[in-house]
């Protein structure tokens, strides 16, 4: 089977996730600056989560562009990744509402961590489905970038209880790290 | 007519259904563990329903991959399947809110049952539209797996009134049964 | 320009419209039959509106399957049709909440009427963009079915003030009329 | 890389944005004309925003139709455009709720301005990715129409504090200006 429908379904899910978050930016209760500034923390987390989903879309695009064949395992690994990403609007809304608390930040880190692991799983499922393909065998070789982001996300789960703002800073660092797509897939 | 647009429309509907449920995971009212644990039943039903829709997507993918031509009848059968699946977020939210009650669990079983029957209807409509096609004629031959899941879903409607947890257990068993896609279509 | 992206955008909008309505089926407030029966009028209107959007999807599919070229005019006519269809969830929710009142039923008839006219406009825009195409010239020749549904929808606007249930009956009749797709396009 | 998946993802996001706004047209609280007229300002802003997103879809369609290759830069520029457009439902709902206030109108102008600039950025990213392509080099040459709309949007941010209705009038003028797609891309 080709990658066509897997890509279009993933595009659909990612498109809905990214716009559902915008829908959670609830209308300010009045028309003054004070009411708007109440929405500011949520707006900032929205920017972060939009970048987060955007990064996954770009890398998912690159990963599947380098893929020729998919198996049932690839389909399930892809659904597993989409499951974790579908929890992003939930943690985004929670962090937006309680940005100075530790638990929402830690949960955001858990979901980010789960998404990262699911992406690795998808990469390895694709490698198994395309054993002779050179490009896909390059996919799995873990780079420093992948290890750095796993380390940052995992430590954020704990660090969020020291201060949620340390966790937020880690999320921003990982986002900047991944802004440039993976060289192995682009090359 | 080819299957292209039928697949892309179905992908769109399934993508929205699967992410709309994530949207119903309402933000916990405070930032402590107690508030999060209040969302736990809904989170568990969400996992089940995500797997449920995921299984339909995978099998729909396999079914239409084995299909060459579609008729007006196939289009309507497909819309009928999407109708039943579109009720999943409704019963998911209800079960999540009232997980110890019997009626929501029974309604979930009814919707699951309706979806299963609609999938059989779609399979048979596809067989009629592709009469000479070997792959599609293999589709209809009911297997033990299909009969087992119909039996489990139908009995769940009644068993939910004994205890909703027996119904939930049945749903999990059917999900595990269908985790591996239909061998007739993959082969 | 080909029809590819116009179809995929329309599929996306129709997929979201059809599932957004399911999202408005709010969770019953308790777990007994009484609470569920309170949702019954909305559930029935949902079935009607799902069929309504489904009919437009099927006929839109047939119409664009018979089309080769699109112009800027076709794009705008298509957006105009999607605009009217996007109001269906609004009138569906209103009728579901106030099913015994006249105004919501009349507004539903107005939106249904607007959608029907927009579909005719799209058909004629497509005919103008494909002047030499035989199939598309067959599109515009108004049939009795199109005139009957226009008559039924237009009269429903007024009849709703006599009794909303007469309007609902008209909607069901039109839905049955259009259940079988247009013979001119299928042939 | 080709433009296929970029187009389908953008279609998905734009489809969700355009229908999410329809979802914010909350059901009138009763069934009389008075309750409906309360929804009128929101309905009018909805028409404006639907046209706004529709114009971007049409021009995005034209722009990418004239594009052969995409780079990582084009993908990010496209996501940046989608980010600004995803804020349209937020400002639409706010203007609909507080249509006589200045701040919501000014914020609408800011989002419209951000979208316009992001579209220019996307055009220039596409030109850089297709250096030898004649069509794409025509894209960047700023026309009077683009400058006029930038001027109108930028001045609207300030003028909204004089009267929000001047800002609304500017939005309508820009919408009419862009109704006909860019001649450079169609030709």
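Chains: A, B, C and D, in written order; residue numbering restarts at 1 for each.
The definition used in the following text is that a contact is a pair of C-beta atoms (placed from the backbone, for glycine too) under 8 Å apart; a residue touches a chain by one contact, two chains touch by 3 or more.
Everything quoted here is computed from the prediction, not taken from an experiment.
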item: Farthest chain relative to chain A (centres taken as mean CA coordinates); value: C
item: Fitted rotation between chain C and its twin chain D in degrees, CA, nearest 5; value: 90
item: Interface composition of copies chain A and chain D: same or different, split at half; value: different
item: Approximate Å spacing (C-alpha centroids) for the pair chain A, chain B; value: 26
item: CA centroid of chain A to CA centroid of chain C, Å; value: 37
item: Chain C, residues touching no fewer than two other chains; value: 8, 12, 15-16, 20, 23
item: Interfacial residue positions of chain A with respect to chain D in the complex; value: 7-8, 11-12, 14-16, 18-20, 22-23, 25, 27-28, 30-33, 36, 47, 50, 54, 57-58, 61, 65, 179-181, 186
item: In the complex with chain B, residue positions of chain A that touch it; value: 1, 5-6, 8-9, 12-13, 15-17, 20, 23, 72, 75-76, 79, 82-83, 86-87, 89-90, 93-94, 97-98, 101-104, 107
